[in-house]
Amino acid sequence: MSYKIMPKSALNDWVQHLRQKFTIVAPKPKHGQFVFGEVTDASEFALDYPSTVLPPKKYLVPTQEELLSYSLDGSHFEMRTEPVPTVVLGVHTCDLHGIKLLDRIFSQGYTDTHYKTRRNSLYLVSYECFEPCTEHSFCRSMGTLSATDTFDLHIINLGEDFAFEIGTQKGESLLEGFQSIFNVTEVDIERINTVHQEKWQRFPYRLDFDVTELAELLTNSYTSTYWDELGDICLGCGMCTQVCPTCYCFDIHDEVDLTLDGGHRVRTWDSCQIRMFATVAGGHNFRAEQAARQRHRFMRKGKYQEDAYGLVGCTGCGRCAQACLVDITPVKTFNELYKRRNNIAEKETEAK
Amino acid sequence: MAQYERYIRPKVAFFDFTSCEGCQLTVLDSLQTSPELLDMIEIVEFREAMSERSNEYQIAFVEGSCTRPADEERLKTIRSTASLVIALGACAHLGGINAIKNLRPLPEVRADVYGDKADWYDTYAARPISAVIDIDGFIPGCPIDRDEFIRVVKMLLQGRQPIIPDHPLCIECKLKENVCLYLRGKICLGPIVRAGCGAICPTYGDGCEGCRGLITNPNLDSMKMVLEEHGLSFEEVEQKLSMFMAYQTAGIKSEAEGATS
Amino acid sequence: MKTLTEVVTKSPSIYQPVPARIVSIEELTETEKLFTVALPGGLSLHHSPGQFLQISVLGIGEAPISISSSPSRSYGTFELCVRRVGDLTTALHNLKRGDIIGVRGPFGRGFPVGRLRGKDLIFVAGGLGLAPLRSLIYEVLDQRGNYGQLSVLYGSRCPSDLLFKDELAEWEKRDDMTLSITVDHPDETWFGEVGLVLNLFDDIYPNPRNAVAVVVGPPVMYPSVIERLLSLQIPEGSIWLSFERRMKCGVGRCGHCQLNHIYTCREGPSFSYSEIKDLEEAL
């Protein structure tokens, strides 16, 4: 692990330094919350921020993305993904986990060049959390509270200074040529260790069991009546999936020019919570009940993604919990399933 | 599945029934921002824009709801002349708030309107044009969305049945990265209302009033609970929801009547 | 010869179709057309029966369509049997000979051709299910010696909905296979079986130890046909099915085709009954 130190007062100079080569995006305030957006000055963003409405995945899979443009006679195709090199400042560690999962998903099988191109041009500068971002977060339980990889640079707030942990050469290049970067001293290392150690006690575990038990819990809860209870109150509004850093389901549709000569193939975010998601022509819906859609969502978060990609599909960011108007949350759901399973297990042992 | 013909520069007519003509203004607006449209279609009847009349047209856009028996005759004539009849805007699509003169669905205006409940019963019940004639598609909204209008025209030119979203507004609202109005102490019907307007009201800080109508299979019970939890009385919840559910039965007279559009 | 897959995977985007030309169109029924399509210069499809292609009508969109022709009869072209049900399929039906469509694929895991070798085969088709099965039928017929008995059971809504009528007549005449057909709603021209495809099982006596069944039809058909096959002692691993799901990407990503944890487009669309019997979202 190699570190560098920058005085906090140099932040804006560093932003200006980076702007010579990069577009900078960072958390900007919006109506009491934050959203990632382009910034030109350090005064426009905050690094200590609760959580953004949408996770930074929007820079990897844009909400609406033109994949191709073409002429209607098929004589001409053009791939339209030409991202500009962008530095994302202030990515939380839970969101790093989300990006790590997306990296695996979009590179399996036939590589998604649109994703890959965007990913390669993205410089992830993450930021260590010292306090739970919102009442909804449960990153501690999901094991996403430290930056282990996926970042290019990781910032640790040391009060007067920022420590940069260098994750990749890409990250290192962001510091090159900037004057106010200093080597770490032993005192700095000490400070880094202290803030790291001290932070943990501020983060409660919110799951009543260990995350390694989650996949199995879900397998055993597949036929639970709890899904019907969720289905009854769920509005099917899809907010929970739209804001989730590990949801990536998409739709593809075509749009034509007004002159009907050319067209575009467009990818947009989709949601397994909406009625049409698994409906085929003729009207047959393979997940006709909202209960089945909720179950599918939580199975993906807690089991399917982990089975397929080796990473648990929920980062504990709490965005869905904050968004949901009927208070359907991963913590409540997982704990309730755990409780019910234990009740059943108890009854079974009693019966024996 | 209806077969749609592909048209080369079809003759297109616009008709207005009881409405504020705001949707036709949106059409005019889109003609100004996308003048190429006029290379693709030939407009033969458009009261807002021209006086010349024609009795021959392939595509009819009908704005406004049907409020009189005489309207029914006119609608039937349109149906028998046009190959495709498209309902334009909430009044024609849902029965609509047929006297609102505003171009944007301002909640205050609607609150005023609803204060005047007696008028529901005095007015001849407005109905969507689909209650009188078969339609081949609709463009929802009060007023319609300009981009959606153009999209529908393109689909018709391609010989397609217009595809209108049937998922909740919240999806679109989140894609815009709006902070949910419920987190800002307001209420909004987004979870049960059809997307497609770009979540314009929440984007400007107003709760969605549902001018594009309900999605298929909305969870109304749960929505009502949410509204009550956020401080609406039972009556207010019913009022809020009947704003669009009553489109089928109630004709609403606007305070704003008399304002020119 | 270069394969389509090679071209698709090397193109700048996996979502970019290769333009292919419609060389002939045959009207099979009122709602189904058979398209013969030629890939551009020198490309081969190189598919296995049961795989599908993502077919684009440029300016409209894309949909998964099974390859209905057999690899054993490609002649530089392939065939798609398309039912007109909605937006894209209507647009396809409106195309003419010489028009260009976009093609991506072939995707998915087809039928287990290798495992069928030497086996007695029971193919059960419901409606449009005959389209993908036809690919497999010709694969078997063209290498007849590699396989045991072949029984094809085909159920259709009404006589006018029968697909590939000329070919059915030919198959009926062959003595190295049996074909039985039933319709739900007979008309005055119909003298054959009436009723569900299940009735057709009364005439076959498979040796369960050597039989493999391949079943393709609408979702409603599967439970009863599987039950019948199981009652004939056909092992669960020897009953193969093909699933239709909504598919947008074809490459295991968009999420639409997911059936429990399985991506139908990638792991399927064909599955053995033993693979999916415990998955609630399968049947």
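The first chain written gets the first letter, and so on, giving A, B and C; residue counts start at 1 in each chain.
The working rule: a contact is a pair of C-beta atoms (placed from the backbone, for glycine too) under 8 Å apart; a residue touches a chain by one contact, two chains touch by 3 or more.
Source: prediction; values computed, not measured.
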**OP:** Using the contact definition from the top, classify how the chains connect: line, ring, star, complete or other.
**Re:** complete
**OP:** By the contact definition above, name the pair with the higher C-beta contact count: A-B or B-C.
**Re:** A-B
Original post:
What is the distance, in whole Å, between the centres of subunit A and subunit C, each centre taken as the mean of its C-alpha atoms?
Top reply: 39
Subject >> Rounded Å distance between subunit A and subunit B, as computed from the means of their C-alpha atoms >> reply: 37
Subject >> Length of the line joining the C-alpha centres of subunit B and subunit C, rounded to whole Å >> reply: 43
Original post:
Which parts of subunit B, given as residue numbers and ranges, touch two or more other chains?
Top reply: 158
Subject >> Residue list for subunit A, restricted to those that touch at least two other chains >> reply: 256, 260
**OP:** Send over the residues of subunit C in touch with two or more other chains.
**Re:** 59-60, 85-86
Subject >> Touching residues (chain side subunit A, partner subunit B) in the complex >> reply: 30-33, 35, 53-54, 58, 63-64, 232-239, 242-243, 255-256, 258-260, 268-269, 271, 274-276, 290, 322-323, 325-326
Subject >> Contact footprint of subunit B on subunit C as seen in their complex >> reply: 59-60, 84-87, 90-91, 94
Subject >> Complex interface listing, subunit A residues touching subunit C >> reply: 67-68, 70-75, 77, 79, 81, 105-106, 108-114, 222, 248-254, 256, 260, 263, 265, 267, 270, 272, 277-282, 284, 286-287, 292, 296, 299, 303-304, 307-308
Original post:
What part of subunit C is in contact with subunit A in the complex they form?
Top reply: 9, 11-17, 19, 56, 58-62, 85-86, 89, 100-102, 218-219, 244-246, 248-249, 251-256, 258-261, 266, 280-281
Original post:
Which residues, counting only subunit B, touch subunit A once they are in their complex?
Top reply: 34, 36-37, 39-40, 150-151, 154, 157-158, 166-168, 170-171, 174-175, 177-180, 182-184, 190-192, 215-219, 222-223, 225-226
